[in-house]
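Worksheet: the structure to be examined is printed underneath.
Note that the chains are named A, B, C, D, E and F in the order they appear, and that numbering of residues resets to 1 at the start of each chain.
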Amino acid sequence: MWKGLKECFTIVKTDPDVRCVILAGRGRIFTAGLDLKQAQSEGLVSDDKADIARIGYYHRIKVLELQDCISAIEQCDKPVIALIHSGCFGAGVDLATACDIRFCTQDAFFTVKEVDIGIAADVGTLQRLPKVVGNDSWVRDLAYTARKAGADEALKFGLVSKVFENREEGLAKSIGVASEIASKSPVAVIGTKHVLNFSRDHSVREGLEYNALWSALMHHTEDIPKAVMSFMTKKKPIFSKL
Amino acid sequence: MWKGLKECFTIVKTDPDVRCVILAGRGRIFTAGLDLKQAQSEGLVSDDKADIARIGYYHRIKVLELQDCISAIEQCDKPVIALIHSGCFGAGVDLATACDIRFCTQDAFFTVKEVDIGIAADVGTLQRLPKVVGNDSWVRDLAYTARKAGADEALKFGLVSKVFENREEGLAKSIGVASEIASKSPVAVIGTKHVLNFSRDHSVREGLEYNALWSALMHHTEDIPKAVMSFMTKKKPIFSKL
Amino acid sequence: MWKGLKECFTIVKTDPDVRCVILAGRGRIFTAGLDLKQAQSEGLVSDDKADIARIGYYHRIKVLELQDCISAIEQCDKPVIALIHSGCFGAGVDLATACDIRFCTQDAFFTVKEVDIGIAADVGTLQRLPKVVGNDSWVRDLAYTARKAGADEALKFGLVSKVFENREEGLAKSIGVASEIASKSPVAVIGTKHVLNFSRDHSVREGLEYNALWSALMHHTEDIPKAVMSFMTKKKPIFSKL
Amino acid sequence: MWKGLKECFTIVKTDPDVRCVILAGRGRIFTAGLDLKQAQSEGLVSDDKADIARIGYYHRIKVLELQDCISAIEQCDKPVIALIHSGCFGAGVDLATACDIRFCTQDAFFTVKEVDIGIAADVGTLQRLPKVVGNDSWVRDLAYTARKAGADEALKFGLVSKVFENREEGLAKSIGVASEIASKSPVAVIGTKHVLNFSRDHSVREGLEYNALWSALMHHTEDIPKAVMSFMTKKKPIFSKL
Amino acid sequence: MWKGLKECFTIVKTDPDVRCVILAGRGRIFTAGLDLKQAQSEGLVSDDKADIARIGYYHRIKVLELQDCISAIEQCDKPVIALIHSGCFGAGVDLATACDIRFCTQDAFFTVKEVDIGIAADVGTLQRLPKVVGNDSWVRDLAYTARKAGADEALKFGLVSKVFENREEGLAKSIGVASEIASKSPVAVIGTKHVLNFSRDHSVREGLEYNALWSALMHHTEDIPKAVMSFMTKKKPIFSKL
Amino acid sequence: MWKGLKECFTIVKTDPDVRCVILAGRGRIFTAGLDLKQAQSEGLVSDDKADIARIGYYHRIKVLELQDCISAIEQCDKPVIALIHSGCFGAGVDLATACDIRFCTQDAFFTVKEVDIGIAADVGTLQRLPKVVGNDSWVRDLAYTARKAGADEALKFGLVSKVFENREEGLAKSIGVASEIASKSPVAVIGTKHVLNFSRDHSVREGLEYNALWSALMHHTEDIPKAVMSFMTKKKPIFSKL
C-alpha cells in the first residue's frame, strides 16, 4: 500500500488529465495507521540479533523509503484534498498533513498514536503537523499523550479548515472545491503549490528569489492572455491540460 | 505606484520623525491588486516573439524589483499597521502580509486572486501568508481557488487580529495602537521588529545569537535608564527620536 | 535563579526518574520577569563609561548565557508543561514559550513587557513566540505595545491550549496530563520532543532525514515489543526508566 | 546510460559485496560528455513550438532526473574512485566531481564544455567543482572559457589528488587504494563518506550534531572491538560484509 | 567612488553590449583600500558623543550600503576579471575577492590590512576570501597579522590563478581571456556565473534544484541550436547580445 | 584531558591577558589521539548488554560533550596557532583543524586514524578538514585509508600553511606570529576570528549582514582612533586589554 501510494502520486504528477486529487477513506475509518504485523515482518520493528550498526544502516534506508511514499503527495505539485472521516490514527496523520487541504466530518478524530507503540512518529507528522497548525502547545499535547482530538478541536486549533456533517456531504463539497481548482489554469495552480512548498522551507527572501525565477519561466504561457481575456469578456476560460 | 511604495518606506526607514505607519486605502476598496494593463505595457505579462531565455532573464529581474517594493515595508524596521476595508485583491494580500499588524473592517474580504490571471502569486503572498496565519489548509484553499474570505474568516484563521465596524472606527483604533507604539522607546520598537523578522527566517538558535549581538549594541542606549526611571516614578517617559 | 533554572533542567535531562515536568509559579503571579535591580548590578543594563566595544563584547556573552538558561528547558528532551496563573511578564513569556505545553488559568495575562524597559526582548520571546502561535499580527501587536493579553485571547490566538478555572484545577489537570505522558515509553516521548524541536528549525526534508537516523537507533528498544504486546493484550505496559 | 549509471550505484549501495568502486573509462577517452543527438531526441535541447510554461515544467523534471543519475554516486555511501584518462568533457566533469577521489593519467585533460553548447552546466559541475577545488578563480576561468586543463594543472589547483603515468599504472594504483579501503571496517568507511557529504552541506555545528547521532547508532558494532583487538594483536582484522 | 562602483556594475548588469569586465588599477598600485579621511568625515569611524544605540543603528545601515557597492560586482551576472598589480590593501582584497577571476602581476602583493586600523574587515573579505582560497590556515595568518603576501604566495595558496610578468602582459592576457568569454553564448555565460554564485551559498541539492529551474527557462534559447550547429560545421558562432 | 582542554579555552576566552594561543605538543609526538582504554572505560566504545535505545541516547550526549571540548578552541574568539611535530593521529586532526593557523615541522605526519578503530571520526575532522583544505579528493583519500600524510603533502594540499625544520624553529616562528597578532588591536583580532567562523557556516549575504551588525557595535572603540593615529605618526600603538 505504501508503494502503491507513491506510484499513484508519481503518476498523478505527470498525468495531464489530473488537476486535483481527493484522498478519502472508503472503509469504516479513514485509516488505522501502520499495520503492525506487516511492519514486524519487514523488520521495521526490529529484533536485535545481528550487528546493530549493520541493521541500523539498512533500517534508516527503509524509513527513508516509507517517508518518500508520503512525501510523493507533496511533490506531485497538484493540490490534494484530504477528506477525513471517523478514525485517523498514526500514519494517517502523517498522510493527512502531507496533503494540501484538510476537511473532515463531524465524527472524525485524530490521534498521533506513535508513542503508544514505543516510537517517535517518523514519516512526517513531527515535521509537518507543527507547520500546518497554529497552536504548538496543542500539537505537543497530542504528540506526547496520543490522545484523540475530535473534529471541532481540529478545526479550532488549525488542523482542518472545514468540518462537514458526514462523509457524503464532505465528498460532495470536496468535489466542489476540486472542480473549482480544476477549472483554473493548471500552470497557475501547480506553480502555487510548488512555490508554497518551497517557501515553507526557506526564508522569505529565498522564497521570493525562487519565485521570481519560476515566474520568468511560467509567465511564458498562453494561460495568461486566456485568463485576462476571460476576465474582460466575463466568459469562463478553458485551459489546456498541463 | 510600486516605486512610490518603495521610496516611501525607504524614507520612513531613516526619517527620525516616523515611529509607526498606518497603511490604509482611501478609495472604495483597499486595493484591486495588480493593474493588468500597466503590467502588460511593462512586459510583465509577456508576449513571446524574441529569444525566450533573454526575455526571461530580464523578466526575472523585473519581478525581483516588484518584490523589493513590497519588501521595503518589512525592511523599514518601523511597525506598519495595515487597515483593510472592503476588497483586498491579489497584490493587496502580498502588501498586507508584508505589514506587521493587520486589522480590517467588517466588510473586508481577501482574495488571493493570482491563479485567476494564470499565474502563481509572486510578490510575497506565497512566502508570507503561511507564516502569518495558523491554518495552512485554509491558506491553500484560498490560494488554489481564489475565493473570497470575509473578515470573520480572516480573524478566525489568523490573517487579521482585529475586526472593526467600519473604516472610521478602524482608523481611530489603528491610530490608537500606533500612538501607543510611538510613545515607546524607538530603539526598543525597531529592535523588536528587526529581530522578529530575522528570527522568522532562521532557527531559534540563530535568532538568539543575532539577538544577543543586537542587544550588545542597543543596550547602550539612554532609553533604558529613562524607561526604568519612568517605571519607578510612574511618569510617562519621553524618548528622543531615532 | 537563572542559573538555578539551567542547572535544574540539565539535571532533569539525564535523571532517569524524571519523565515530564510541570513548571508553575507559587507566588501571587507566575513571574514578574527580569529583576531590574539585579540586571543593573550585573551590568546587563549598562552604563557607558569604558570602551564600548569591550563592554559590548562581554555583554553579548552574558546575554547568550541568559538565553542558555531558558533554552535548557527546550534541550532537556523531556516534556515541560507550563501552568501560568495571574501575571506573566517579560522574561516570563520567554520562559513559557520555551516549554512544550502551555496551560493557564482564567485570571492569567501575558505581556511582552520588554519595550517598556527600552529593549527588544532577547532571551527567546522574539524567536519562539511566533513559532508557537497562529496569528503573527497578534504577536506583533503584543510585542510592540506591551499590552496585556488575557487567558481567552491567549487561547484564541494560540499561545495556550487550555484555560482552567484556577490554579488548583490547573495543577490537577496538568498533573493528569503529565502522568499520562509519564506512563508512555520514555524512548518514544523524548524522541518525539527531540525531533519536533529539530524539525521546527529545519526544512521538512532535513527533518525527515534526521528523523530516519533517529529511528534507526531508537527502534532498537525493548519498549516497542512491550508496547505492541500491551496493545494486543490490552494490559497497560510498564516501561523502564530512561 | 544515464539510467544505467543510477541503477548501478543504487545496487552498489545495498550490495554487501561491494565496498569500494573504481570508475574508469574503457574507450579512447574518459568521456565525451552529453550525447547531443540523444539529448535533442529526448527534448532536452528543446524546440519552441508549444506552450513554453508546459514544456518548461516537464523539462525541469527531466533535468532533475539526470542530476539524480549522477548524484547516485554520491548517495551510494561507498567510496568511488574516478580514474580519468585522456579527455574528460562536459558531463564527464559533473561525473568526476560526484566521485570521492579523483586520480588521472598524465595525458588527461578536463573541460567544462557546457558554455560551448549554449548552456550553463546543470548536472553537478557548478555545485560540486568549487567545493572540491581550492582555487575559485581557476574554477571560473575553466567554466567561462571551456578551455582544457591538463593533468598537472588539475593537480596543482586541486581537482585531482594524484597523476599517474598512464591508464595501466593508474588502474593498478587505484585498485591498490580501493583494496586498502575495502579491508577497513565497512561500517567505519560508509559512515565516513556519509558524514563527509552531510557536513559539506551544513554548518560545522549541524554536521557535528548529525555525526553524534550517527555515532550513537554505529558505535554499536562488532567492528570496533574487532579493530581494537587487531590493533593490539597486530593482526589484520577481517570485517563482515555490510 | 563606492557609489560609482555600484552604479557601474548595475549598468553593466543590463547593458547588452557588455559581456565581460576587466577590473584593473591605473595608478601606481591597484588600490590603497579605504580612504581613512573620507571614512572619518562620513562617520564610519565614529566618535561617541550621542546615544550609541542610535548611532549604531545608522552605522549598520551605512556598512550594509558599502557592502552592497562591492557585492554589485558579484550580482552583475557577467564575469569580472580582476588584474591586480603592485599593492592591494584592505578594501582592495574585499574588491578582488568579489570578482570571478583573479590574475596578478609578479610585483603584486596583498594585505588584509583592516586589523591595523582597529577593525575586522567588513565589506566582504571575511566572507569571500576563505571560499575562494584552498588553505584556511593561510587565510587566517593573513587576516590576523595584516602581513603582505606576494604574487607567488597568492598563486600557491589559491588567491589568484595566474601571475604575469607585468601590468602590460597582464592586461593583454586578461583581454585575451575576456575576449574568449565574450565570444561565447551570453545566455550560457551569465547562467554559469549566476548558478555558481547561488550554489556557493547552498547545499549541493539546493544548488541542483535551482539549476534545474534555471535550465528549464534558459534552454529555450536560440543559442543552443546555434552552438550545436557551429559545433558540427566547425564555424565560430555569433551570438546575439543579451 | 578533554575537560581540561575545554576549561582552558573557556578561561582563555574571557581572560583579558590572553591575546593569542600556541598549541604545541611537548612529548615525542604531537598526539596519539583518543586513548582507547579510557574511551572503553567511559563506555564510548560500548558493549551491548542493555537496551540499545537508552544506551544510544546517553552515548549521543557523551559524543556531543567531547565535540564541545574541541569546539571550545574555535569559540574562544582568540587566534590559536597549532604547531604539529611528529605524529598527529586521529583526534589530533580533529584538534588541529579546530585551530586557526596550522604550522608543522618537517617530520610531522597526519593520519585520520578513525576508520582503523572501526568508527567514522566524530569530533570534528569530517566537518572541518574539508573546509580548511583545498583538495577534497585528498581529504577523502586520507579519511578512507587512514594513511599517513607527511609535512610536504600537508602543505601542498592545504592542511598547514608553513613547514619548519624542527620543533624549536617552529616554536620560535610561532611565537613570532603570535607576538605580531598580540600587538594588534584585540577588538579587531577577535572580531576577525569571530566573523570568519560565522561566515564559514553561512551564505555570503548572511555573513555580511552579521558583519555589519558586529561593526556597528565594535567601531565604537578607542582602538580605531589609536590605530589611525599610530598609522599617521608611524609609532607603534599600544592597545588596552580586551
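Throughout what follows, contacts are C-beta pairs under 8 Å (C-beta built on N, C-alpha and C of every residue); 3 or more make two chains touch, one makes a residue touch a chain.
Remember, it's a predicted structure, so these values are computed and weren't measured experimentally.
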Check every other chain and keep only those touching both subunit A and subunit F; list them.
B, C, D, E
Through how few touching steps can subunit A be joined to subunit C?
1
Would you kindly state whether over half or under half of the residue numbers at the subunit D/subunit F interface are used by both copies, giving same or different?
different
Approximately how many whole Å separate the CA-defined centres of subunit E and subunit F?
29
So, what's the distance in Å between the C-alpha centres of subunit D and subunit C?
44
Give, as an integer number of Å, the spacing between the C-alpha centres of subunit E and subunit B.
34
Interface hub residues of subunit A, defined as touching at least two other chains
48, 52, 56-57, 131, 133-135, 158, 187, 200, 213-214, 216-221, 223
Residues on subunit F engaged by subunit B in the complex (per definition of touch):
210, 213-214, 216-217, 220
Over in the complex, which subunit C residues touch subunit B? Could you list them?
36, 40, 44-46, 48, 52, 55-57, 59-60, 63-64, 67, 71, 74, 114-124, 126-128, 130-131, 133-141, 143-147, 157-158, 200-202
In the complex, go through subunit A and note every residue touching subunit B.
20, 79, 100-103, 131-135, 158-162, 177, 180-181, 184-185, 187-189, 191-196, 199-200, 203-205, 207-209, 211-221, 223-228, 231, 239
For subunit A, which residues count as touching subunit D in their complex?
13-14, 51-54, 56-58, 61, 187, 190, 217-223, 240, 242
